[in-house]
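Two complexes, one shared chain (chain A), two partners (chain B, chain C).
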Partner chain A sequence: MNTVTLTPKKQSDLYLEVNNITPDMFAGKSTEQIAALPVYVGNTEHPLGEFFTVTGAAGASAAETRIVIKGDSSRLKYIGMKMTAGEIEVEGSADQYVGGWMAGGKIHVQGNVQAFAGVGMRGGELLVDGNAGDYLGAAYRGDWRGMQGGKIYIKGNAGSDLGYFMNGGTIVVDGDVDVFVGTHAEGGTIIIKGNAKSKVGGQMVQGEIYVFGTIDVMLPGYIYRQELEKEVEGMKGKFALFEGDTAERHPKRKGQLQYAKLYLKQ
Partner chain B sequence: MTKTITDVICPFCGTLCDDIEVTVSDDGKKILEVFNACAIGNEKFHHAMAKDRPVRPRMQQADGTYKEVSYDEAVEYTAQMLANAKKPLMYGWSSTNCEAQSIGHEIAEAVGAVVDNTAAVCHGTTLIAVQDVGIPSCTLGEIKNRADRILFWGCNPAHAHPRHMSRYSIFPRGFFTGKGSQSRKLIVVDPRHSDTSKLADVYYQVEQGRDYELLQAFRTALKGEWLPDVVAGIPKERIYEGAELMKSGRFGIIFFGMGVTQTLGKNHNIDAAISLTKDLNEYTKFSIMPMRGHYNVTGSGEVLAWQFGFPYSVDLSRGYARYNPGDTSSIDLLIRGEVDSVFTIASDPGAHFPISAVKRIASLPSVAVDPHITPTTEVSKLHVPVAFVGIEVGGNAYRMDNVPIDTRKVVDPPEGVLTDEQFLERVLIRVKELKGVKA
Partner chain C sequence: MTEFLIKNGFVFDPTLKIKGDVADVAIKNGKIVETDAVKKPKVIDASGKTVMAGGLEIHAHIAGPKVNVGRIYRPEDKLFNATAGLKATPTHMNTRMEGGFSIPTTYKTGYNYARLGYTTAMEAAMPPLFARHVHEEMRDTPIIDEGAYPVFGNNWFVLEYIKNREINNTAAYIAWLLEATKGFAIKSVNPGGTEAWGWGLNCLQVTDPVPYFDVTPQEITTGLIEANELLGLPHSLHIHGNNLGNPGNYTTTLDTLKAAEGHKAKNKFHREQVLHHTHIQFHSYGGDKWANFESKARPIMDYVNKHKNITVDVGFVTLDETTTMTADGPFEHHLTELNHLKWANVDVELETAAGVVPYVYSPDIFVCGVQWAIGLEIALLSKDPMRCFITTDHPNAGPFTRYPRILKWLMSQKARDEQIKAFKNSDKVVNGSEIASFDRELTLYEVAAMTRAGPAKALGLSHMYGGLKPGLDADVAVYNFNPEKENSPDEIEKAFSTVQYLFKTGEKIIKDGEIVSNGNKRTLWVHAKVEENPQVMRDIEEKFVKYYTVTKGNYEVHGKHFIPNPLAIEVDAT
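Up next, the complex of A and B:
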C-alpha cells in the first residue's frame, strides 16, 4: 500500500470542502495531479496544492492507496466522502461529513469529528478516537435510508440523532450519547457503552440498541420482556430486553410481530 | 372627504386576515383608521405612518453613527458586497412578497449565496419532518366549516395569532359547525397555562421537553397498547381518554407552534405529531397544520421550493442547490464562521438569533433591508429602508395553509422610498454586471 501525505501549508479563511480527498480520487495519480485536484471555499474553486503540500505516492487503485492528513483538519468538510476502498488517517480533528456515503475502506480520525459523520454509510469502517457530533451514521435530510452497512466506532461521546433512519451496520460508542438514538431505524445495531439521555429508539421498527449505562427517560412504547445473558463487543452480562416502539408499525414474520429490541445492561 | 378601502389583507401573521377595512385621507397618503384588525395588525398599519421613520439608506460610520446615503450608493455597496463574497448569506424574506423573494433568489444564484428564511428559527423543523413522513393537511376554510376536534399543541394563538380562533378554529359558525365553539372540543397541550389553555375543554400540562413522549404515548394508546402509569407528567388514564376524544370527532385538526418545533425534540416532535395524525385517519378525518408566524414565511418556502427544490437553508455556493439544516442553516453558518457577508431582508435576526450569531453579523460586511429600525439594522453596516409590503405596495403572500392571497396597497410610500422589489431589481442588474452574467 502506498501513502500520500497532505501537510497543510495555509489555513483557509472559510471552511474547505475537500470531497476530492479520497483514495478513489488519488489512485493512479502523480503528486502533481493530486495537487491539481479542486477543493472549494464557498463559491470559489482552488487547487488542492494551494492549501496542502502533497508528498509520497498514490497506489494504482483505491485499495492500494493510503492518505495521511497532517495537522489540524477541523475546517475540512467531506473528508473521505463516497470512498470505496483504501485508507485515510486524519491526525487532527475533522469537520462535518467525514466518511459520508462511504462504501468501503477505512477512515481513522485521531481527534474529534463534527456532525453528519458517516451519513448514508454503506460499508467500510470509521474509527474516531475523540468525540462525534450529531447525526452520526444518520440519513441525509429527507432520505429514508440512513446507515446501510459498515462499522462506526467512537471512542468518546456522540451527539444527538445517532443512527437516524439506520437500516444496517453497527455503531459503537464508548462514551455517552445525547437524545434520539436510532429514531425510525429499521435495522442495524447500536451499542452505547456509556449513558443515554432520552428518546432512545423512538419510532423504531426493527434493529437492536444496547445501552450499558443508564437511560434517563424511557419512551412509553417500550415493553419489558425478559432478562437474558448476552455477549456484546467482548463483554458478557445480564441485559433486560425491552421491545418496541409499540406506537410504530411493525412487520410480521411467521405470524409474529417483529419489534425493535432495546437491551439495557443490569 | 376620507375614503374607506375594504377587503384589505393584513400583513402581520400567517393568518393573513382578508377582511380589514382601512380609512385613508383624501390624498391617499395617510392612514386614519383601521377596522377589524387585531391589536398587532392595527399597530402595523399605523406604524407605516410613524414620523421618525427612516426614508433614505443609512451607512454605519467608524464611530457607530449613521450617515444618510443615496439609494444608488446603497445598491452599489450591496452589489459589491455580494459579488465579492465567497459565501454570502441572504437571510429573511418572510415579511416581503413572493415577487421580491423571486428576484432575491436570482441574485443568490448569480453570486453563489446561501438563501435562508426565518423558518430556520421557526417552523423549519416542521419542514424537515414533512420531508421524512409527509403531511396530511387542509385549508383554514375546511377547519372553520368542518372541524369539531381542535388541538393546540405548544402554541398560544390568543397572543400570537389573535384572530385565528375567531375566524377559523374555535368560535366561527361554519357549514357543519353551526353552533360555533359549542360544536367543537378544544384540547390544549402546553407546559404552561396560557390564555389559549383557559378556553380548553381538555388541557394537558405536559412536562417541559417531553412532547415527543406524550405524542408517542397518544399513538400507543390509539393502538390499544400498554402504557406506563405516567407519561410526561400525565396519568395514563387521561392519555387513553384523550385518544378516545380525538377518535370520536368527525373532523380533527392539530395546530402546533414554536413550543414543539423549537424545544427538545424539534423535528421529531412534528414527525410524531404527523404520525399521530396519520394514525387518527384510521378512525376519522384528521389534519395537521403549523401555525406559521410571519405573514409570508410560507410563501418564502413555496418560492424557494419551486425554484430550487428545498424550502429553506438552500446553499447555492457550489452552483447547485444543497440543503441540510445543521450545515446550511443561518445560525450554524454564523456561529461556525462559514459565511463572509450577510444580507438580511424583511426579518430581524438581530432580535432572535443567539448573541454569538448576532456578533458575527456585526463583524461582517452586512446589509439590512427593512422599513423599521430594528436590532438587525443597528448591527448592520448598511440599512436600506423600503416600503411596507401589504400597506404601501401589493404583492403575493401565502397564508399558513398554503393558500396564496394577493395583498393590497392602501397608501403611497413616502416620496422616493423604493419597494423591496425595486431595490432588489437594481441590485440584480448591478450584480449581473459585476459577475459578467448576461442580463
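Up next, the complex of A and C:
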C-alpha cells in the first residue's frame, strides 16, 4: 500500500470542502495531479495544492492507497466522502461529513469529528478516537436512507440523533450519547457502552439498540418482554429486553409483528 | 430583431407535412417567415441535424405551492446535483444557481426545458387560492412561455351550480375565475373525490356521490365539458379522472371518457377535442390487486383511437426516484400507506386539496415494470399522434428531463428489449403487459406530432405554436441528430438531451448547447368575455364574506408583480 501525505500550508477563510480527498480520487494519480484536484471554498473552486503540500505516492487502485492528513483538519468537511476502498488517517480532528456515503475502506480520525459523520454510510469502517457530533450514521436532511452498512466506532461520546433512519450496519459508542437514538430506524445495531438520555428508539420499526449504562427517560412506546443473557462486543451480561416503538407501524414476518429491540444492561 | 436562417437541416413538421426533408427555416421579427423574406440573416448551418418547432409541455407540475412543498421537504432531491450560480464558472455565464432532480428550482426548470428544445409549458394544477404563488414561480421560470390550469373539479361553486344544472352560471363563474387567477384552462382532478376526501371519503367510481353536495363525478365532468364549450375556450376540459393508480381502474377511466360522447368542440381555435384525459397511464390498470396487476392499455387506446373528440397525454413511468404531487388528496394518502415515506397534505378552502409523497419507481419491483410498459404501450397503440402526447406528469411518473430517454424507448425496439431484460422480474412484466410483442418504432415525424403540433392544437394554440409554418412564433429547436444515420438507442437519448440551438420567439436562447439568453418569457391566460351575470357575482361576493379566509381583493392576481409579461388569449362568449 502506498501513502500520500497531505500537510496543510494555508488555512481557508471559510470551511474547506474536500470531498475529493479519497483513495478513489487519488489512486493512479501523481502528486501534481492530486494537487490539481478541486476543493471548494463556498461556491469557488481551488486546487487542493493551494492548501496542502502533497508528498508520497498514490497506489494504482483505491485499495492500494492510504492518505494521511497531518495537522489540524477541524475546518475540513467531507473527508473520505463516497470512498469505496483504501485508508485515510486524520491526525487531528475533522469537521462535518467525515466518511459520508462511504461504501468501503477505512477512516481513522485521531481527534473528534463533527456532525453527520458516516451519514448514509454503506460499508467500510470509521474509527474515531475522540467524540462524535450529532447525526452520527444518520440520513442526510430529508432522506430516509441512513446508515446502510459498515461499522462506526466512537471511543468518546456522541451527540444527538445518532442512527437517525439507520437501516443497517453497526454503531458502537464507548461513552455517552445525547437525546434521540435510532429515530425511524428500520435495521442495524447501535451499542452504547455509556449512558443515554431520552427518546431512545423513537418511531423505530426494526433494529437493535444496546445500552450498557442508564436511560434517563424511557419512551412509553416500549414494552418490557424478558430478561436474557447476551454477549455484546466481547462483554457478557444480563439484559432487559424491551420491544417497540409501539406507536409506529411494524411489518409482519410469518404472522408475527416485528419490533425494534432495546436491550438495557442490568 | 436579428434575422436568422437555419439552413439545410432535416425538418420534421406536421403542420407543413414535412417528414425529414432537407429544408431551410427563416426567422424575422420573432416569427417564422418565408425563406425569401429575410435579407441579411445570420446563417445557422443545420446540415446533418434535426430541426423541429419548439416543444410544448401540456401537463407538468412546475410552479406553485405543492411543487414548493416538495422542494422544501425534500432537500435530499438537491443532494449532489446543485450547480454554482451566475458567472461562478465559465460554463454558467448566463444561468443562476440550479438544483434539484424531480423538483428543480424555478430557474433550473426553465433552463432544462430549453435544453430539451421545449419553449412552452403548462402548469397542470393551480389551486385558485394560491394563484399568486403559482404566478410568482412562473415569473421566476426563465425562457419558456407558461400558463396554468386552475382546478375546478372540487370547487364549491362548480359543485353547487352543476347540482342545479346551471351551466350558464358555471361558465360565468369559470370566466370570472380564469380572469381572477389569470388561468388558462379548466382542470378537474379526481372530480368530487378530493372534496369527499375532506370528509374522509373518496369517489372511486363516476357514480359515487360527493358528500353534502350530492353530485357525481360523471355530472361534474359533463357539466364542465358543457361550460367549456359554451365559453369556447382554447383548451378543452383537462381531466385527471377518478380512481387513479388502483388495479382495475381502467373501467372507471372508460366511464370518464364516455362523458365526452355526444359533445362537439365549439371554438375558434381549431381545437377538435372536448376532453383531454391526462397521464392516462395511471388510469389504464387491470387486475384487482397488486399481485395480478396488468396492463389495460389496449382497451383504453381502442376507445381513444375511435373517438376523435378525445385527446390524451401519457404520463410515462421513467423508473426513477421522484416526487409525486397532486390535487388528488386521497390518492397521496393511499400512496404513503403503501411506501411509508413522508407525506404532506393540505386542504385548500372551498376549492381543492393536495398531497405530496416521494416515490421510487424501482426496476426491481414488478408493478413499476408494468407501469413502465403501460406508458409505452399507450403511445405505441396510438393511431393518431396528433391526439396522444408525451408527458411524465412531471414529477409524478418521472422528471420531464427524462423525455430523451422516453424517445429512445419509443423510437427503438432494441432499447425497450434492453430495459425489459434489465428488470428483476422480467417474466412477470412481460406476462402483465404486451410491450414485448410490440415492434413499432416511432418516427421523428410522429414524435413532432406528439410533442409539438398535437399539444399546440389541443391547447388551441396552433395559431402560435407547434410548427414551422410562416406566421407562427419562431420557436425552433435544432438537435444534433442525423435521422439518415443508423443511431444506437443511447445516441438517440444523447442527441435529444441537449439541443444544439434553440430559438424562442425569434431570440437565440441556446447556442452549441450553452444558454446564451434568458429570453423574454410570457404568461398565457384566457380572457373570456361573458354576459353580465349578477347571480354569480353575488354568489362570489357572498362566499368571500361567509367562507374565504381572504378577501377578494387579496385573492385576485393583478399587475406586473405577478405577471410582468402577460399574453391574454381573448374569447368572446357573449
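Note that in this section the second predicted complex is superposed on the first by the 266 of 266 C-alpha atoms of A that agree within 3 Å, B and C clash if a C-alpha of one lies under 4 Å from a C-alpha of the other, contacts with A are read in each partner's own complex, and residues count from 1 in each chain.
Here, a residue touches a chain if its C-beta (ideal position, glycine included) is under 8 Å from a C-beta of that chain, and two chains touch if they have at least 3 such contacts.
Predicted, not measured: the structure shown is a model, and the values here were computed from it.
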item: Superposition on chain A - do chain B and chain C clash or fit; value: clash
item: Touching partner for A:Thr246 - first (chain B), second (chain C), both, neither; value: first
item: First, second, both or neither for A:Thr44, with chain B first and chain C second; value: both
item: Touched partner set for A:Ile223, first chain B, second chain C, both or neither; value: first
item: Touching partner for A:Glu233 - first (chain B), second (chain C), both, neither; value: neither
item: Touching partner for A:Gly142 - first (chain B), second (chain C), both, neither; value: both
item: Chain A residues touched by each partner, larger count belonging to chain B or chain C; value: B
item: Single chain B stretch clashing with chain C - from 19-27, 163-171, 307-315 or 379-387; value: 307-315
item: Footprint overlap on chain A, where chain B in one structure and chain C in the other make contact; value: 43-44, 140-142, 144
item: Chain C residues touching chain A - in the complex, by the definition given at the top; value: 73-77, 79, 84-85, 88-89, 97, 340-342, 358
item: Chain A - residues contacting chain B, complex; value: 13-15, 17, 40-44, 96-97, 115-116, 134-135, 140-142, 144, 165, 179-180, 183-184, 198-199, 202-203, 217-221, 223, 245-248
item: Touching residues on chain B, where the partner in the complex is chain A; value: 85-87, 111-113, 128, 131-132, 210, 212-213, 216-217, 219-220, 223, 225-228, 231, 264-265, 268, 271-272, 275, 317-319, 323-327, 336-340
item: Contact footprint of chain C on chain A as seen in their complex; value: 43-45, 139-144, 249
